[in-house]
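Okay, so subunit A shows up in both of these, paired with subunit B first and subunit C after.
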Partner chain A sequence: MRSQRILTIDWLGALLAFLLLAAIPLVFRSTYMLGVMTVALCYGMWAASWDFMSGLTGRENFGHSLFIGAGAYTAGFLNVNFGADPWWSLLAAPLVAVLFSLLMGFPTLRLRGPYFALAMLSASAVMQNLTIIFSAYTGGQDGLNGLFPMLDSVPAYYYLTLGFLAASAVLLRLLANSSWGVILRAIRGDEATCQAAGINVTFYKIASLMISAAVAGLGGALYAHYQLQVGPDLFAVILSINIIIMVYVGGIGSIYGPIGGAILLNALTESLRGLSEYRLWVYTVVLMIILFFLPQGLIAPLWRRVRSLFA
Partner chain B sequence: MSELLQVQGLNKWFGGLHAVKDVSFALQPGSITGVLGPNGAGKTTMFNLLTGFIAVDSGSVLFDGHSLTGLVPHRIVNCGLARTFQLARPFAGMSVVENVEVACLAPRVRKAGKPRERARALLDQVGLGRQAELDADVLPYGDLRRLEIARALATNPKLLLLDEPFAGLGGSEIGPLAELIRTLHESEGLSILIIEHKLREFMQLVHHVIAMDFGEVVAVGTPSEIVRHPRVIEAYLGTAQIDLELARHEGAGRA
Partner chain C sequence: MQIVIYGAVISSIYALLAVGFTLIFGVARILNLAHGSFYALGAYGVYTLTANARLPLWLAALVSVLLVGCLGVAIERVLVRPLRRSMLAVLLITLAVALMVEQVLLLTFGSEARNVPSMVDATYQLFGVDISGQRLLAFAGAVVVLAGLWGFLQFTRLGSAILAVSQDAEAAQYMGIPSDRMYSIVMGVSAAMAAVAGVLVAPFQSVIPSMGLLPLVKAFAIVVVGGLGSIAGSIVGALLLGFSETIIAFEVSIEWSQIVSVAAVLITLIVRPAGFFGKRAAF
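What follows is the complex of A and B.
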């Protein structure tokens, strides 16, 4: 069957992309370059997790940084204040992020209208301010410094991050392809019709936000143990907006597209470093060109084009 | 009690407007019942109350041994009471078969068979088998109505509520759709409650009629009783018939 064949081609494409990313440390020896890529992979986890909840259900989350910051600061507190082994962060960060998703999801996702988007936006802004107000515990603007690395070698940490990104992407994509994904896309279509079809819409929205938060929080912890520092910027609204841009550039609702978008835009930012003060200008113009001419995004439509050559 | 649905003293206010006024009626299993009434009589509001889309102010709804009062819509569907909407609302961006598959994933029917296969069988049943892979948003209106019915059937209801299934359909589409509804009733023994304006098709289809006006039930009976009922003639049929008669008289006078 054709749909079966498309699925096979999709997974082969994903494997190819994974192998290409895995080859980067073998080709490029520069530690700096690997560092940039490690950060890009973290962004990939954030963009994919945003896409799973908001891309599929259409309920925009304007404060994804809440989960990222929650995960990163959990890693920071555990490691710096309590001297816990850094590996504990990988378990604790997603749990704390999920806790935040429950606090946000229960009151706002039962309602229709913009409440969820607005509540996420304000909650992340409030958390950013709280990290500054409670500077005695959080280090204020300077944040928490001196986190321990999980792995000493930069390539090894790159592979660890790549492994978590790949596992998250596979999990999210499997869910999106399953009946769970069918329900989430139906919620995007029309919530009332979904209820008339006997679906508990609120349950699916909250559960999806929890999954989204867990992956974002995990990404936050990986980022924190790469930078060895966490700061209030991890709660910033601009981080959430950047992630949404990456999702749109990659192709919303596809999971893999936003990961491509995240890597692409991180690479673009890095390659424009030589332009110093003109960097943001060029970056913005490139973004506008992409979104104007390719409103469906770049990566996902491109892949569908490639795929149609084989299927 | 052998009633499938028992509605008792149902009330709904919208601010100062008493939209549904002390409505009581009962439905027997295996019947097709119609709800008749002019625009604004409270028919759709009553449907929304029965299906939980609007909260009941007072009164009780007993369905198949469950009290439905205060339940949210998806729970009511999973008790076996499904509905269609007056305006067909397909899931945009999804195929026709996926649209039905969603309802096959409801807890009530999740284990009734493979969702995708059940969805295909239901599409065949309502005559949309060949459109299964199309985008739902490109279907013409008549087919969207069939899609709505397939989605409601997917939840394996004991009672199906159809809100104006013939509205906006052309003459050639009405007959086959009425035939489909009749077949569902006869072959599956499905109980149906139907709101409709298209009088001729409607009266041929239903066994009993509940006539409403200004939020109240004004008459209950067989179709032939209802069309002769003075309150119904006054509220709904009256003006049209009088106009018709006037026109006939005037035409005769001129000839």
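What follows is the complex of A and C.
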């Protein structure tokens, strides 16, 4: 009974958050603000997808930018080199990202220990180098320029991104609440026991990584078609790290928390634009504070408290 | 011949980095993402001590290595120790340190490359190959430090204590070995070794704030190939990686040699996840 009620409150809260985000273009007319928010929503997709795989199973991915960059460059290639319609990116980018996840997942996720985290970190660093080596095709440091916009108006594109974010958040959250999510959390708790219970642990880990990669790749394509440009920075380790910090700020393992964390930190970055040189400092300090004083994060515990007022 | 000599130099530097990385993991189970920062700090330390404090080069190198070693100890005590329960928290805090170091370097020295003078200016001919004295010194220095570490671990009481902690921290504690202090010491030694590597390569590498990332990736690759926690494995891995990178750099192109490390990680994890010398299976 009580859990039913909590679930209802959760969905009501999500609906409220969605409506608030949907109201932003009505309140703020400035295209600049909307652009910032569109980027924040892309970060939300990346953070939520990181959380689905790594937050639930406890297998930290230190190279999420591998999937983001793969998705964004897929969009770039299709669009710039082959002149494909931008909408195709939305299909192709997740597929390519999933291919990358298979390539990385099979060797590393069978193992315990830090192999997965570090292999992902190395792979994204190397992909960043590769984009510079193959500058003939990737444009090197300048990246690929001149992607076509999907929609002409900024508010419309904002709504499109919001729609994809909401859809992936709902999907990931439903999966996380289902028996699938229970298994993922059990893997985090005790992998050996899961295996003894006859659960194909490797299958679940790789499949979750594929889902996570698909959402991240989709977010990468949306980002690329907003910026109309893709560059090697999309493979950067620092991007993966920023995403992890956002997840931590939001509250690991909750899916909705990381989205809030992404929006919060993007807003924070924006308000600190004057101190842009010290931006990374701010992030690092936030990370340290969270690690030492708020290991549960900020947004998810806050929401739990709000929820307990009603339930 | 060129390949053999240049490969040996690169391998020795890699070995220096990887052994430090594997040492702190093997003893304290700390996967130190700030390892590359110690390398960068070593290089910048020499730069700033020679260019700004006008110390003689050899003294600057020594001071820089010592300072980085102390920094390693401080980081272990203040930041890592309270979070040691969780492997992820340790990963993140060392990562935060790495970011912080890169930012500090960027803000104080700017993003342009700095030049550090060579310790040996002469160029030598070895088996018909021209090689700068600095590279030879880097090779010799790395070999001496590694040999020194081996002697320290094998023949001193402190070294035996460290090995005991690495085998079983709890049992070592019962025998009266303060394992917490061992962790600090090992962290300092490992940081100092990374700094030595940074100091030795600074004259022929571009000294930039982000120079720590690639060595970290390399050290990780070597350690996986050799077996996490195994010192002998790291040295073999460093030789393998150093030589294969040099061969590819000479035969194909410099850029392609970057891929060797990640390919090596993936192949090792597929074929033999424990690495060449890993005692424990990784799964």
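The rule we apply is simple: the second predicted complex is superposed on the first by the 292 of 311 C-alpha atoms of A that agree within 3 Å, B and C clash if a C-alpha of one lies under 4 Å from a C-alpha of the other, contacts with A are read in each partner's own complex, and residues count from 1 in each chain.
Criterion: contacts are C-beta pairs under 8 Å (C-beta built on N, C-alpha and C of every residue); 3 or more make two chains touch, one makes a residue touch a chain.
Since the structure is predicted, the reported quantities are computational estimates derived from the model, not experimental observations.
Once the two complexes are laid over each other on the shared chain, residue contacts for A:185 go to subunit B alone; subunit C is not touched. Legend: residue contacts after superposition of the two complexes on their common chain; A:195 is shown touching subunit B, with no touch to subunit C. Looking at the shared chain after the overlay, A:122 reaches subunit C, while subunit B stays out of its contact range. By the touch criterion defined above, A:283 lies against subunit C but remains apart from subunit B after alignment on the C-alpha atoms of chain A. In the superposition on chain A, contact of A:5 is made with neither subunit B nor subunit C.
Set against each other, subunit B and subunit C touch different numbers of residues in subunit A, with C touching more.
Only residues 51, 53, 72-74, 77-78, 82-85, 89-94, 98-99, 101-103, 105-109, 115, 151-152, 154-155 of subunit B touch subunit A when the two sit together in their complex. Listed in rising order, the residues of subunit A touching subunit C in the complex are 58, 60, 62, 103-104, 106-108, 110-115, 117-119, 121-123, 125-126, 129-130, 132-133, 237-238, 241, 244, 248, 277-278, 280-281, 283-284, 287-288, 291-292, 295.
Subunit A contributes residues 179, 182-183, 185-186, 188-190, 192-201 to its touches with subunit B in the complex. By the touch rule above, subunit C contacts subunit A in their complex via residues 31, 79, 82-83, 87-89, 91-93, 95-96, 99-100, 102-103, 107, 213-214, 217, 220-221, 224, 228, 255-256, 258-259, 261-262, 265-266, 269-270, 273, 282-283.
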